[in-house]
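All chains are identified by letter, namely A, B, C, D and E, in their written order; residue positions are counted from 1 within each chain.
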Amino acid sequence: MLLVELFTQGLVQGSIYALIALGLTLVYGLLRILHVAHAAFFTLGAYVGILVCNASGSLILGFAAAMAIAGCAGVITYRLAYQPLLDKPPFVALIASIGLYIASEEAFRVFFGAQGISFVDPPLQQQLLLFGTIRLKMAELLVMIGSLAIIFVLSRLQNGTRLGLACQATVSDPQMAESFGISLRLVRDLNFFVGSALAAFAGVWVALLNNLVEPTMGSVPSYKALAIIVLGGLGSVRGTLAAALVLGVVEAYGTIYLGKLLDRNAIAFAFLILVLMVRPQGLFSRR
Amino acid sequence: MLELDSISCGYDAFRAVHGLSLILREGEITGLLGANGAGKSSTLMCVAGHVALQEGRILLNGEDISRLPVARRVHAGIAIAPEGRRLFKDLSVEDNLRIGGLIHPAADFRRDRDRVLDLFPRLAERLPLPAGNLSGGEQQMLAIARALMARPRLIMIDELSLGLMPKVIDLCYQALERLRSEGLAVLLVEQNTERALAVADHICVLESGRTVWTGSAAQARGDATLASAYLGLH
Amino acid sequence: MNYEISLMTTMAISVLFALSLNLITGFCGQISLGHAAFLGVGAYLAAMLAKAGVPFLATLPLAMLLAGAVGTVVGLTSLRVRADFLAITTMGVGFLFVGIVRQREWLGGELGIAGITGSNMSKLGFMLFTVLCAILVMALCVYLRRSWMGRVFNGIAEDEDTMRVLGINVPRYKLAAFAIGTALAGLTGALYAYHFQYIGPDSFGFVESITVLSMVVVGGIGSVVGVTVAAALLSALPAWFQFIGDYKLLVYGSLLFLMIRFVPDGMAGLVRRHLFKRRAEGGSK
Amino acid sequence: MKTAVLRPLVCSAAIFALAATPALAEIKIGLNVPITGFAAADGKSALEGAKLAVAKANEAGGINGEKLELVVYDDQASPKEAVPVATKLIEKDKVVGAVSGSYSGSTRAAAGIFQQAGVPYVVSYAIHPDITLAGDYMFRVSAMGEVQGRGGAKLVSNLGKKRVVLLTMKNDFGQALAAGFKEAAPKFALDIVAEYEYALQDRQFGPLVAKVKADNPEVIYASGYYFTAGPLVSQLRAAGITAPVIGQEGYDSDKFMEIAGDAAEGTLLTTSLDRDSESPVTQAFIADFKKATGIGTDMVAASTYTAAYVLIDGLKKTGGKGGAALRDAIAGGSYETPIGKLSFNDLHEVSKDIQVQVVKDKAFRRHSVIHDPVLLAPPSKSGK
Amino acid sequence: MSAMAISPTAMPLLEVDKVTVRFGGVLAIDDVSFTVERGDLLGLIGPNGAGKTTMLRAITGVVQPERGSVRLSGRPLDGMSIERRIRLGMALSQQLVKPFRDITVADNVALAAGYRKTLSPLRALLSLSRSEELRVAGELLERVGIARHGEDNPAVMPLGVLKRLEVARALALQPLLLLLDEPLAGLNSQEAESLATTISDINAQGVTIVLIEHNLGEVLRICKRLVVLDNGRKIAEGEPKSVMHLETVRAAYLGNGAGDERHNRQPRGGDDA
C-alpha cells in the first residue's frame, strides 16, 4: 500500500515537473536554447495567481491572470533577450538566461518581500479518500488531472490543428516551414506564450499545494526541468511528460529508500547521468 | 513570369552566384546545370529568400520581390522542393502535404491533396507513415507534392534525380512534363545532364557561380563542346 | 590593509578558478556546468589533510591529483555525450558531488569543515602566494594556447570530426583538457579552503558553477586575459556593490544579462573589435 | 498588499540611510546579514531585530551621549562573501564589535577574522558548534542545536509519548537538532521508529508523509524553518496524520501559521521566545517590534535583537571601548532579554530554559517550560 | 615519399575484402572486394547513390561493415577508430570542405603537418615550435597551387581554394594512402584540370591514391585503374578505357541504357566563357 501511495505522490510531483519542463522543451525544440529563466515565469505565475486570487476571491481568475501575464512576459523576454542572440553559440543565450533568472529572483524579492506570501483563504484544501487508504488533497488530485489534461489537449492541438502543425514544422525545419508561409515570429511568440503560461499554471498549483510563494521557489525547477528535458530527449513533448513522471516517481521512492545515501537532487541527477551513459540521446528520444 | 535581373547572392563575405540573369516563363522548364558547388542551389535558395541577395533584383510578373519576406513568397506563387528534400521527417506524409497547403483554406485540403496524389499515386498508400520512413524516391515525390500543395505558379526543384533509381526518375520526369502542360513554370537543378537536356526548354549552365552558357535546350543538345566541357561526359 | 589583502586573495582565487574552467570550456570547447565540484574536491581534500597535519605545500599537489583524477572520470562522459547534453550531465555531476558530501559525516556533513589552518603564512604572504599561483597559471594558459596542445584543443572546439580525420585522438585530448582543468580547479579549491578556513557543501553548489561560467563568458570565452579580468572584476563586484545593499544581486544579474545580450563575445571581443576599428582607421590615414 | 510592496522599499531606503550616514556617529557596531539571495527572508528579520536594538539604545541616549551606528553588510549567507564583509567591518568601518544575523557558514567564516582582530562578535542564531571554538571574542546568545534537540527529547517524554519519527532538515541546524535528540532519546527510553531527511528547498513532502503515515508514530519531531514547516505540517495533517508535531525555534514566525492555516493548530515548538512571558522586556520587545515593522516578531528577530542588545550592554559598561575590555564586559554580564535571562559560560555559550510554545487559535501560546540545567547544559571548555 | 621507400613487401597496400554495409534495411554496399597496390591511382566511380562515399567511410572506419574486412598493408583495420587508421598511413580529403575557420589557410595545413607532435597530448603540450610545420605547409600549398592564400582566412575563401586546402591538409599527414572524396567538385574546368594534374603528380611521387570523383573526364585522364560501383555492388574493375566500354557501366551511368559516343571523348581544357 505504501508503495502505491509513494507512486501516487511521485505522480503528483511529476505532473508539476511536467508542466514546467514542457515549456522548456517547447523553447528548446524551437531555438535550441537552455532557457533557465523559464523558472522565473513559474514564480511569476505563482505570485500573480495568489495576488489576484486574494484580491478577487476567485481562483479561476487567479489562474487566468497568471497565465496571461506570464505568457506575455515570456513573449517579451523572447523578443528582448533571445531573438538577438539566436545566431550566437548556445552558451551565450544560456548565460544571458542565467543573468535574467538571478535578476528576476531578486526583483521578486524586492517587490514582494523575502518572506513570501500566502493565500488569505487557501482554496481546494479539502481532502479526499481514494481507493481505500490513499488520501489526496483536492489540489493534488486536480494538479494531476489538470496537467495530464492540459498536456493531452496540447498534444491534440499540436497534431490536429493547422497552428500545431505549423509549430511542428518549424521545430523540424524552420527554413522550410518559412518557405511554406509559416511566420517564424508568430510560431516562436506563440511557443513562448504557451510555455510561459504553462509554467505559470504550474506555479499557481504549487502555490496552492504549499500555500506559500517565495522569490526562490523557482530555483529547484530551473535546473531540474533541464534534467527532465534531457531525459525526455530534448524537444519531445511526450518524452518530456514521460521523463517528468518517471523522475517524480524515482524521487518519491528515492527520498524514502535512498535518503540516507543521497539527497533528492542528487538522486535525480544520479538517475540522469546513469540514463545518459546508457542512452546518450535521452530516455525517450527516437534518434 | 519570374525574372532574375543579374543577381548575386551568398553568405556574408562569400559570394556563391555572380550576376545571374534568367527569365522563367509559364509552361516552360528551365534547367540550371553545372558541377557541384557551381551555385545552382544557392540560386534556388536565393529566390526562395533563404540566401541573401547581394546585388540585382528578382522580379515576379514585373514586381520586385527582392525584399519580400520568405514567408510571403509562397503566397506570391513560388514553391520549392529543396536540396536534400528537407521533409518534416517526424510528421506523416499527410501532414507534410497539409503544411504544404497551409496558406490555403483547410476546406481545400482534400481537393488539393487528391490532385497531387493523382500525380504521385504511390504516396496515397503512404499517407499515415512518417515522412522519414519513405524510400528515397518516395521522399522526392513527397517533396514535389508538398510544394505543389501551395498551388504555385513557379516550382523550383533541386537535384531531382539525385540518388534515385532510374524507374523513379522516369516517374518524376513524367510528372514534371505534366506540370508544364498545366502551365507551371519549373526551375530545375539537375546533375543528371542527360535527363535535364531531354526535358528542359531552356538551359542555363553555371560554373563557379558565373553563367557560362544559356540558351534553348535544343541548342544545348547540339553543342558537343558544351556537353563535354561543362557537363562532364554524360 | 587586511581588507585589500583579503579581497585580493579572493580575486586571485576566482581568477585561478575561472582560468581552470576556461581551459576546458574556452580552449577545448567542452561546456561544464558543474565545475564547482572540482573546486570542492580540492578544498575538501586540502581541509582533511590540513586537519591531519599534512604541511600546506604538500596538500596542494595532492588536491590537484585527486581533483584531476575525478575530473578525468567525469571527462569520460564528454566522450559519450556532446554539447547541451554535456552541459546538463556536468551540472548533474555538480549536484551529485554536493549530495554526496552532504551525507558524509566524516566530511563534516551539513556542518562542513571549520578551522582550517596550517598555511603558516601571514595574510600578506598567503595573498602573494595565491597571486603568484594565478600568474603562473595565466602563464601556463598562454603557453598552452601556443603549444601544439592548444592548437589541437582549438581544433576540437571547432570541429571534432575533422580533427579525427587529421589523425587526432580526440578522446585523449578531451580527457587531457578535463584532467588539467580540473586539477587546476583542485589547486584553487585547496587555496580556497586555506583562505576562507571554512568549507561546507553549499560553497560548491550550482550557484558557484554558474558564477564561474559567467566569468568565463563575460571575459570572452577562450581569452586568457579577458577571463582573468572578468574573474577579478566579477568576484569583487559584490563587495563593491555593498552600498546598493538590497539591489546588489538584482544589479549583478541584470549586468550579467545586459553584458551578454549586447556584447556576446565578452570583454575580450569588445576590446578586439575596438582595436581592429582603430587599427583600420589608422590604416586608412 | 500595499504594505507588502512598500515595506521592502522603505526598508532598503533605511539601509541606504544607514550606509550613507557620514561618520558623525562615534560608535559603530557591525552586522553581517543575508539581505539578498536564498536566506534573505531570515536576513530581513535579523536586520529588523538589530536595528530595533540600536534604535532603542540611541533613544535612551546612546553610550555616554554618543550615538550608535549600525553598519550593515550583505553576506548572502555565503562564507565567500562573509570574509570580505568581516574584514571590511573591522578595517574600513573600524567597528568596536559586531553581530552576526546570518547562517552558520558565513558566521563561521567571519568568526575567525573577528577573533584575529580582537573584535567581539555576538552571534544570534547560527548554531554551528565551531563558532565559539574560534576563540574568546565569540559569543552566542541562542542555545545550540544539540541542546535544543535534547530539550525536544525531554518534551516528548513529558508528553508521555514513546514512538517518534524524526523528520530532519538537511542543513547544519536540522542535523544538530537531530543529533541532540538522538543523544538524549535513550535517557527517556524513546523509540525512534525512523528518521527521514529533506532538503531546505523542499516544499512538497508527499513521499515522506506517506511513509510517516505508514510508520504510524505517536509523535513527530520535525526540524525546519517556517517556510518548510508550514507546508510540512499542513501536508501531514492533510494526509490524516494526527500525531503531535514538535518543531523548534525555526517554526517561530507568524508566517508559519499563515502558511499552515488550521493545520498549524496544536503544533508544539521548543524556542527561546515566550510570548506569554510575564517579563516586561519580552513584552516590550514584542510590542516595539510590531510598532517598528508592522509585523509580528519571530525567533530570528528576537535573537538578533538580543545579540545586539548584549553587545550594546557591554559597550555601555566599557564606555564605548572595544577590544579585550568589551570582551570581558560582555562575558561578565548577565542579561534580561526578550529570550530570557542569559549569562555566558566559559565557552561564551548561554545556558537557559527552553520555552515550549503551542499554536492555539492561530497564535503562539505558552505550553510549558523545560528547566533542566544538566540536560540543557551547553558545551563548555571544561566539558571538552 | 619517405614512408613509401621503406616498404618492401609485395602485399597490396589496401585490401577491401567482401565488405557489406547495411543502413537499417538498406544494403548500401553489397559484398564488394578490391585491392589497391602501392603506387596505384585508383578511381572509385559510379552514379549517384552507388555507394562510393559509403565505401570510403567503411575504409576510414566511420561506418562499421556488417561483414567483410578492410586491411592496410595486410593489417586488419576492423573496429579501429578513424584516427588510428589515419595514424597507420591513411589520409582523407573530405567531400564537404571543413577548414578550421578561425586560423589561416597555412595554419590549417600546419596543424595536420604536426601529426608527429600531436600523437599524444603530453608530447603536444611539450612542443611549441612549428617553423618546420609551417615550412611543410608552405610547400604543400605551393604544390596544390594556393600558396598565395596562405595567410588568408578560410572563411572568406572560394570553394576552389578550400578544395585544394583540403587536399593539402591530407597530404600534410604524409600518407601511404590518400583518399580523395570528390576533390574536383565545384571547381571550374581549368581549376579541375590543374588540380587533377597535381593529384597525378602526387601519385607519381609515390603516394597511393584512391579517388572518388564525378568529373569522369579527369578521372579517365589520370587514373590508372577504375572500380565501378552501382547500387552498392562492384560492376566493373580494370583499365579505364576498357571499363568505360563495358555495356553494364554505360547502362548504370545512363540509367536508360542509351550509349553515347561522347563518353569516351577526351575533354578539352579551356574556358571560353
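Please note the rule applied: contacts are C-beta pairs under 8 Å (C-beta built on N, C-alpha and C of every residue); 3 or more make two chains touch, one makes a residue touch a chain.
For clarity, every value in this text was computed on a predicted model and none was experimentally measured.
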Task = Moving only to chains each one touches, count the minimum steps from chain D until you reach chain E.
result = 2
Remark   = Label-sorted list of chains bordering both chain A and chain D is C
Remark   = Quick note, more Cb pairs in contact for A-C or C-E? It is A-C
Query = Centre to centre, by mean C-alpha position, how many angstrom separate chain A and chain E?
reply = 51
Message = Based only on mean CA positions, could you tell me how far chain B sits from chain E in angstrom?
response = 31
Note = Between chain C and chain D, the Cα-mean centres are separated in Å by 35
Request  = Return the residues of chain E touching two or more other chains; collapse runs of consecutive numbers into ranges.
outcome  = none
Query = Which positions in chain C touch two or more other chains at once?
reply = 102, 246-247, 249-250
Ask   = Of all the residues in chain A, which ones touch at least 2 other chains?
value = 106, 110, 260, 263, 265
Query = Mind giving me all the chain pairs that touch?
reply = A-B, A-C, A-D, B-E, C-D, C-E
Remark   = Note: in the complex, chain A contacts chain D through residues 1-2, 5-6, 8-10, 12-13, 16, 51, 54-55, 106, 109-118, 122, 125, 127, 135, 137, 140, 206, 209-212, 214-217, 219-220, 251-253, 255-256, 259-260, 263-265
Inquiry  = Using the touch definition from the top, list the residues of chain E that touch chain C in their complex.
reply    = 60, 81-84, 86-87, 91-92, 94, 98, 100-103, 107, 111-112, 114-115, 117-128, 130, 169, 173
Remark   = chain A residues touching chain C in their complex are 28, 32, 34, 80-81, 84-85, 88, 90-92, 94-96, 98-107, 110, 223, 226-227, 230, 234, 260-263, 265-270, 272-273, 276-277, 280, 282
In the complex, chain B residues that touch chain A = 48-50, 70-75, 79-80, 82, 86, 88-91, 95, 98-100, 102-103, 106, 146, 150
Remark   = Within their complex, chain D touches chain A through residues 1, 4-5, 7-9, 12, 36, 38, 40-41, 43-45, 170, 196-199, 201-204, 206-211, 213-214, 227, 230-231, 234-235, 238-240, 253, 255, 258-261
